[in-house]
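Some structures to go through are shown next.
Look at the two complexes coming up: chain A is in both, with chain B in one and chain C in the other.
Presenting the complex of A and B:
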């Protein structure tokens, strides 16, 4: 038998709204690439509609949103809803950046699977995604 | 939720984006369902015009692609883009950033953009580029643009895949001869000098013009007169001329019977590549560790070792 091909995890990274702080998302992107993942950048000033369309066209496993200038309590739940309506809620939705503690419950309830706040270690993010990926692959194989 | 190949095939033939996207994923991941989908959609392919966009890193291929998409949309064509970026040969990871330049088409249902990592393939394309092009063809896209990784000299696999290849050069990459090297210069049906507003444009233009003249002299049988065009893609300048040249090339191919022939040649190539890869995989599995160890120990040379392995393979096929 030919050796089994382990496909890379595909991750879409995007910023929503009028937020042009790119340092964090760039570092995360490179950390994920170093961990063997395929990272797709959409560019800045995206709407939830644009991110949802890109996630479907690229058929990614994970959608990661970086947010550093507020607006996340509206845009993230909207993105979660759009993905759900498009039948794409099998994708993992994660967010990171400046997200106050008191917003977390609301976002998680709206369908954001995991929130990484300022100061998160990129290794923890990689580990989280890899462990989710292992579980997902086991489910797919079952 | 496990989708069946037939379901995905039917939905993508009906033009459904998510189904097309899933089929490409399966093909890119070597999921067996990818080949099943391909079997079902294959009779519905052979119509789309595949357009390659290639050139050195930093030539503005993505921005130019974005501009061409806009122009074709203005003309009412449905356009798919396969944007290839390099995967790390060490980790397999990749940053796929070509979408960043194409944000304005994000919500246009007549445009489908897919980013692919090379995943170990040399030559400027990903292993599944041809498969993705077939999926888009079956979905009814009129134009499939294949944007390669930034290429150097002989990474011109896109020429075999595309009906029309656009070579993009830019001023200011240093030594003018370096801007577009031999392999690239001999390929391609449409040449563009991008970033025409930059210093050094005239010199690059003259150099390209000269090289195209030399190429025309060397290939007197080539009836297609290769156009050299200028563009400033970041400003949206030059789109009409480039799209007209590509459309003219399509008409030329059709007139010469080449359009169908190229689809055919592409299909043949793909079969040969698949056979080669499958046979290689079998041979590698057959390769006895003992033989390889002899080569490492310098008691057997690589050529004789390869011969032994191939002869094992041939016998295996005969007796099987």
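Presenting the complex of A and C:
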């Protein structure tokens, strides 16, 4: 059990939609890896179906989505639904990029656990994931 | 030394000795009394140490030689300027990229811009188009007509070209991966309207190799991407010699955090890959180089890095063409640059501050020689659709730099600055070292296929983001002079479902009424050309004329070339 607790957090990073700007997701990928997490990248131009399949296939703990395209109000809820339907909604679903304040409530209601908008500090993102991971392990141990 | 009196040592050595004395007697005590504001002074992107003082001894140390390194304007190696008279006869061409609305109203907006006296337009397409899909492909749901014009068939482009072509002298089309399809569609649309292609300049961006290193609007594997681009370049050189078949958008590498050395090295390596591929088609370097020398180059906030980069760029291109290829024509030895302040220096916070940033960066562009043209982004670009006010200010910035500052009254006014010449020379040397490294790997395509360039950029992105997060780089409004009460507003495009549905209806309707047998045969023709190495443009022209759609033609090439997908390694993550 103790050794399993030390297992590094596995994170799938993905770009949904046709927007292919990757500076943000690259910085996040480096920061998570620097913090000791395992990072898997899906490639560009992913559909919710492709991301859901990859999340299950790669057996990740966290799915991190970068979106700079206005399609997020459709694609993110769809991804949350697909994960739920596949029984994979124990995975933490987080998103970042250009997401206006007024969309946050809708996305959180649809099953996105946390949204990091443009300019978020990578240290805050790392801290959030680490604390979620700790809570999750504690719950499972209990 | 051939002088009757004076020091017994060369003057640079004498100055070096004097500089040491100054350090010991004058500066040393001053710094001891009042320590410096920073632990390290360094250039922003390259992180090269900046000395407190530069003297002729520094020029000596880097082996600076006036005639070899600078020469004279309009002459090899063009460091001082491409133009024999700098900007004393004409300023650079002042242009502005302002986004032209979406979908079918492009022609309306374009007519308006032409009526305002503009003679050049930039045609940008939506992400469905640039990624090679039709509007009704489920994968592009929500993207249709958003980031530019939706283009499914010749019918769409025919409507967009309802323009006064007597006023239009220059049209840039930004469609990288599906370039032969797009080129064929433009040629067919001109034909349909009876426009003489010799009457204006079509400039296709066609810079696919950069897309694999950053931004990512690629479809096919890199070597196929290069072949496709080469088909377009060869077709244009042979059939429309007054057109421009490529732009190396170095300004895509810069926002992906390429430092000036990486930017010069990678964009030149990419240009060489294109040149080599066209030379293999039996053309000579003095013919080819003037077609591949169109670059778009950004300048960032580090004033001297920006200025020196533009100077080093001109010289590196000239040297490369002469030393690697033996080019001799001045048109081959001169790089043509469009310069621009970078958008990544602009902040979402306190957007009016961006006007100051744009003014400073535009001044740096001008001091670096400006290029043939300059374009300025808009101060509110980071957070909203450009407002009219921002468009006016954007245009005014270039006029203020040109008419009010005096920086363009003499040619290359910073030449001879000990700091500027040291930095220019160091950049040139480092860029050639990095370029040689890429050549040793087998060139740009190999450096892309192994992920070398992507990983280099990925590291820069991470490190420079850390500089800001950890406060080593101060950025007003972001980590310095931050106003706690500031309200941030991001205005983003909302999906226009009606427009998307209309576009989908149109393309489906077209498929129902065209000659499907002819379309199938033409698409097979594209597959044949892709397989047997024939130029793809004529095959695409045949397909365009029978109303094959953009996505169908891109799919025909997908059938043969396959698609490129990048994992972490190839993404530099």
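Keep this in mind: the second predicted complex is superposed on the first by the 137 of 142 C-alpha atoms of A that agree within 3 Å, B and C clash if a C-alpha of one lies under 4 Å from a C-alpha of the other, contacts with A are read in each partner's own complex, and residues count from 1 in each chain.
Convention: a residue touches a chain if its C-beta (ideal position, glycine included) is under 8 Å from a C-beta of that chain, and two chains touch if they have at least 3 such contacts.
Values in this document were obtained by computation on a predicted structure and should not be read as measured data.
Asker: Looking at the overlay, what does A:140 touch: chain B (first), chain C (second), both, or neither?
Answerer: first
Asker: Between chain B (first) and chain C (second), which, if any, makes contact with A:110: first, second, both or neither?
Answerer: neither
Asker: Could you look at A:7 and tell me whether it touches chain B, chain C, both or neither (first, second, both, neither)?
Answerer: A:7 contacts chain B only, not chain C.
Asker: Quick one: classify A:56 as touching chain B (first), chain C (second), both or neither.
Answerer: Touch status of A:56: first partner only.
Asker: Should A:41 be classified as contacting the first partner (chain B), the second (chain C), both, or neither?
Answerer: Once the two structures are laid over each other on A, A:41 reaches both partners.
Asker: Classify the contacts of A:21 with the two partner chains as first (chain B alone), second (chain C alone), both, or neither.
Answerer: A:21 sits against chain C, while chain B stays out of touch.
Asker: Looking at the overlay, does A:74 come into contact with chain B only (first), chain C only (second), both, or neither?
Answerer: The second partner, chain C, only.
Asker: Going by the contact definition given at the top, which residues of chain A touch chain B in one complex and chain C in the other?
Answerer: Overlap of chain B and chain C footprints on chain A: residues 29-30, 34, 39-41, 43, 45.
Asker: Along chain A, where are the residues that touch chain B in the complex?
Answerer: 1-2, 5, 7-8, 10, 29-30, 32-43, 45-46, 49-50, 53-54, 56-59, 86-88, 90, 140
Asker: For the complex, which residues does chain C have touching chain A?
Answerer: The contact residues of chain C facing chain A are 127-128, 131, 133, 139-143, 146, 214-217, 255-257, 348, 457-459, 461-462, 465-466, 469, 478, 490, 492-495, 565-568, 571-573.
Asker: List the residues on chain A that touch chain C in their complex, please.
Answerer: Per the touch definition, chain A meets chain C at residues 13, 17-23, 25-27, 29-31, 34, 39-41, 43-45, 47, 69-71, 73-75, 98, 100-101, 118-119, 121-123.
Asker: Which chain B residues qualify as touching chain A in the complex?
Answerer: Residues 1-2, 17-18, 21-22, 24-25, 28-31, 87-88, 91-97, 99-101, 103, 106-107, 112-115, 117, 119, 281-282, 285 of chain B touch chain A in their complex.
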